[in-house]
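Letters A, B, C, D, E and F mark the chains in the order given here, with residues in each chain numbered from 1 onward.
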Amino acid sequence: MLDSLQLALTNLLAPAVLFFLLGFGAGWLRSDLTVPESAAKTLALVLMLSIGFKGGVEASKAGLSQDFASAATAGVALSFGIPVLGFFVLRAISALDRATAAATAAHYGSVSIVTFVAGTEFLRASGLQFGGYMVAVVALMETPAILSALLLAGSGAAGRQGLRGELIREVALNGSVVVLIGSFLIGAISGSAGMAKLEVFVGPVFQGVLVLFLLDMGLVAARRLKAARSLTPALIAFALVMPLVSCGLGLAISLALGLGAADAAVLAILAASASYIAVPAAMRIALPDADPGVYLTLSLAITFPFNLVVGIPLYTAAAQAMIG
Amino acid sequence: MQTTGRKKLEIIIEATVLRRVEQFLDEAGVRGWTVLPSIEGHGSHGDWSSGDFTPGQERRLIVAVATSDVAQRALDRLASFFADYPGIVFLSDVEVLRPERF
Amino acid sequence: MQTTGRKKLEIIIEATVLRRVEQFLDEAGVRGWTVLPSIEGHGSHGDWSSGDFTPGQERRLIVAVATSDVAQRALDRLASFFADYPGIVFLSDVEVLRPERF
Amino acid sequence: MQTTGRKKLEIIIEATVLRRVEQFLDEAGVRGWTVLPSIEGHGSHGDWSSGDFTPGQERRLIVAVATSDVAQRALDRLASFFADYPGIVFLSDVEVLRPERF
Amino acid sequence: MLDSLQLALTNLLAPAVLFFLLGFGAGWLRSDLTVPESAAKTLALVLMLSIGFKGGVEASKAGLSQDFASAATAGVALSFGIPVLGFFVLRAISALDRATAAATAAHYGSVSIVTFVAGTEFLRASGLQFGGYMVAVVALMETPAILSALLLAGSGAAGRQGLRGELIREVALNGSVVVLIGSFLIGAISGSAGMAKLEVFVGPVFQGVLVLFLLDMGLVAARRLKAARSLTPALIAFALVMPLVSCGLGLAISLALGLGAADAAVLAILAASASYIAVPAAMRIALPDADPGVYLTLSLAITFPFNLVVGIPLYTAAAQAMIG
Amino acid sequence: MLDSLQLALTNLLAPAVLFFLLGFGAGWLRSDLTVPESAAKTLALVLMLSIGFKGGVEASKAGLSQDFASAATAGVALSFGIPVLGFFVLRAISALDRATAAATAAHYGSVSIVTFVAGTEFLRASGLQFGGYMVAVVALMETPAILSALLLAGSGAAGRQGLRGELIREVALNGSVVVLIGSFLIGAISGSAGMAKLEVFVGPVFQGVLVLFLLDMGLVAARRLKAARSLTPALIAFALVMPLVSCGLGLAISLALGLGAADAAVLAILAASASYIAVPAAMRIALPDADPGVYLTLSLAITFPFNLVVGIPLYTAAAQAMIG
């Protein structure tokens, strides 16, 4: 327990977390600090390319394993299942319309890549060794939640307006999924020869990219929180409690499928994380009536900071307590 | 220089549905258009900013000059699209050189 | 498609005072607007370019469609603002769908 | 607020010839303009996009408000330029504050 | 031969080539993946700055040599000559108008810097050592082809409209030439002291920049190919066969001037490569009537992928067979 | 003396200075070379983040010291005082209106971060060891000059138009100050554990970012100088002599407060440098009537190149002569 607290403090003092807090503070005080939009998009691309590639190289070293199959099954099940739970909870505790509730629930079923990155940094600092294939699990968990949400909402707009093609592209071919899976495969194919070339880029350079991106996330999260108009106490509670519930589900399924503590911790972190790039983009097409003021604020401005600062060490400690 | 009257359509929509709206313009017979970026906006659904992380929510401003008939046809198609998707459109009078191009 | 007349305000100001001008629009009753970036400009004070290092000097183009009354009110407020701060504004006629939104 | 009628010129040209067109405007007596970026376009020569690697092909939108006479003079000069270089121009009516500035 | 096949396979499995293919696939399937425009321009700048600087440092170590003079002569001759050949071939096999044929031919006389980079990576992987001065040859080969094209087309627009200044700037002072030559000189002047500072940037960081840029090139090439309206079988054949002819010319002249196998391979790769940044920009001013739908599609969407995937190992093998 | 000349030459041959000159030359000859605007902003952000972070880590190692307090006092006094001197000189030697003279003077009281970076690179190359806390002094010197200028000009516009909030944000919360101080604190908090992660980013990658940024500064400075319409010989003389005077003031105060030669050299460089990011932004709000054509041209296009090429070695030599 003392050890966990110690680690939680280490997490809090990591540059990445501190830069997020710097951005959040600057945004909250309405500093004119900004990260140019195209830089933020490029940084996000570099993050995804790097973790995909590193995961692929590691996976190619380890070979395919039963653990990968188990983790993938667990991840897909969580991504499908969490939105269903989230949807009914949201409808019960708030006055959100059907579309907004479904769209919000989809965010919580899908994953946040930066939360994953911060989580894996923390696990490494804690000396926990998870499988390289977990990157592939991240990619697999991005989209099932979107399908769940569409079933829950009974979407019609995209169909009526001939936007099926756009919708499929957003769901199956959205940029982050393509880069993540593509880089994973490239890492797996080019292996250590490829790694020799990209080592510095996906390693130490990546660390700098990460702090810049988190600085920007802090700015955007704070600005969004300040501009939020439709937040109610029930919705705030949802954004703080739902990750805990999802973490619990992630650990339970990990235990059932016999995953190790490190993989289980990653799965719990992924389950608890909420998307703020891929899912919102799909929702603008599939459920244009859903209110982005709700789902983006909850996912980006409440759940993300909570997971980054408090959640990651908590879920890891829980995984070690239950499985380790 | 002799100029001729035409209509300028200006359409503000989310980046996500740009391709679809371009298709409408094409179907309506609009022969050219230019797409401009925008940075932020305010409306009945609150504020948005291109600095947010949501790719699709960014707005594009389409500028298209066309004959009155073609503009009217594009407008008809857009009106029903805007029943499902957010967006605004406005029309104004412009004078052009070489009217046969529009 | 039935269209109705409205006014389009276009305002070119320095990025620095964008928030203030948006506040004027809001106070005047303008219900929506879109902000576009610009790259460079020329005027009585010389040239500027977005490639310069001075953040605040970059210009923004605000496009706002509103009723004639609301536009007039916004204009009044801007005129006194432009006594101290550089900027230009122009007004034109547009036709819109669903006029109750503007 | 008292407003006065002026003309708004909007010119869409390739980035490559921007300096040249600005020179025309200057020679015609236009006293100010603002240059906006654009993202993509469609026309009789196919599609272009700012994501392509060809720097010069990107389009710029020049917005210039001027008196009717000056605008007409700029138009004359542009018409002969557009015989060799691609580009479109359109003119519309705007009302401005402080007309002596334009 | 077996060795060459082995190396060709190694080329195909290099991360840079794989990321190009990833981008190409994503673009072809109309994924919404994009590299922001300003990022792509910055990446291009970094690539040119890095290879210029590295070349300058190497050249300063080696000193001026007869080989540099020979390679420069050969490069300038190829850049002047290839467009003449290309022009008459295009007029014979297609219905292209004079301006479009001349503009297209100019692209094939000039060079592609990314093809050069990919080629030098391949040569290094193959253990072939070429001269640092070859970077200066790249810069020298950029513009003569443009002058040839102007003579062939009998350009008048730029003159009529007072755009001579712009044209001179595009031809002699265009960004890529200035950065390449400037960085080369800076590398030569600051030598190993300068290299001590920039080593990581122009080395391992450059590798990351390269894969990102190739990802974007894949996206743009695929989108351009899909949007192509004026492609005919004859034009496609030209885009595939002309590089082979140019490679042959490059090797012949290398043999005549007594260049070593490695320098000859670089020259062959440069001869075979087609410009897609500097030349199109000059053509928009000099020959505004020429159709970019033709010259950009051929150079960027057909010849570049062909050279990257197949051409580079082929030209290298040919150079070794003829000279090595 | 000979030694100083030697070092001055070394400064001139550093890649950073050479890339500035390359950009300046390209801009002067009206090459179409450009660094995308959003890239330049991102590069500036990375520079500030890196020097802030490095300074914080170094300061955390050294602990708080009397020297920091002395340097901070000296820096704040210089930032307040220099504009007063500058204002009266400008009013005496030129026909500048009150607002433009005050705004220009503010630029000379505040500091240029890139001049600081180039200066510290030079000091390191010269083997002079200054305190990590000097980064905090940079941040402290950014804003007092703005307050002086407001008192001198008797600004009213921001007050009349309800822009006090914007003004406070520009003065106290402007992006560069926030990133600089924030990164300094993060460096101080995360110490060597944080440095282990960001070492490569704030070290070798930073060097590449620096040369790119200086390339862009050269381009912008040359273009601004060419477009300058309101330059008079008296103003040019001011931009060249004022830095020397400020350097003298910086050294005098350093001597009085007992600072070491290296810290005094940094203070002299800071005193001599003129702002071109933070101050202009504040002046657009506080003194909208002041002419940016004057203050940006003097600070960016004359004083900055002078300091970079000639000033830095000169001020260092003076510090060593007076104090060393």
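Keep this in mind: a contact is a pair of C-beta atoms (placed from the backbone, for glycine too) under 8 Å apart; a residue touches a chain by one contact, two chains touch by 3 or more.
None of the values given here were measured: they were computed from a predicted structure.
Chains that touch both subunit A and subunit F: E.
Within the contact network of the assembly, the step distance from subunit C to subunit F comes to 1. The chain with its Cα centroid farthest from the Cα centroid of subunit C is E. Distance from the subunit C centre to the subunit D centre is 19 Å, each centre being the mean of its Cα atoms. Here the CA centre of subunit A is 40 Å from the CA centre of subunit E. Subunit D and subunit E have Cα centroids separated by 35 Å. Residues of subunit F in contact with at least two other chains: 32, 34-39, 41, 170, 175, 200, 205, 281.
Along subunit C, residues 36-37, 55, 92-93 each make contact with two or more other chains. Here the touching chains pair up as A-B, A-E, A-F, B-C, B-D, C-D, C-F, D-E, E-F.
Residues of subunit F that touch subunit C in their complex: 34-35, 37, 40-41, 44, 157, 160-163, 166, 170, 175, 216-217, 219-220, 223-224, 227, 229, 276-277, 280-282, 284-285, 288, 291-293, 296, 300. Taken in their complex, subunit C has these residues touching subunit B: 1, 3, 6, 8, 22, 26, 31-37, 60, 63, 65, 92-98, 101. Every residue of subunit D that touches subunit B in the complex is listed here, in rising order: 10, 12, 36-44, 59, 61, 72, 75-76, 78-79, 82, 88-93. Interface of subunit A with subunit E (complex): residues 36-39, 41-42, 45-46, 49, 53, 165, 169-170, 173-175, 178-179, 182-183, 186, 189-190, 193-194, 197-202, 205, 281. The residues of subunit F lying in touch with subunit E in their complex are 10, 13-15, 18-19, 22, 25-26, 29-39, 200, 203-205, 207-208, 211-212, 215.
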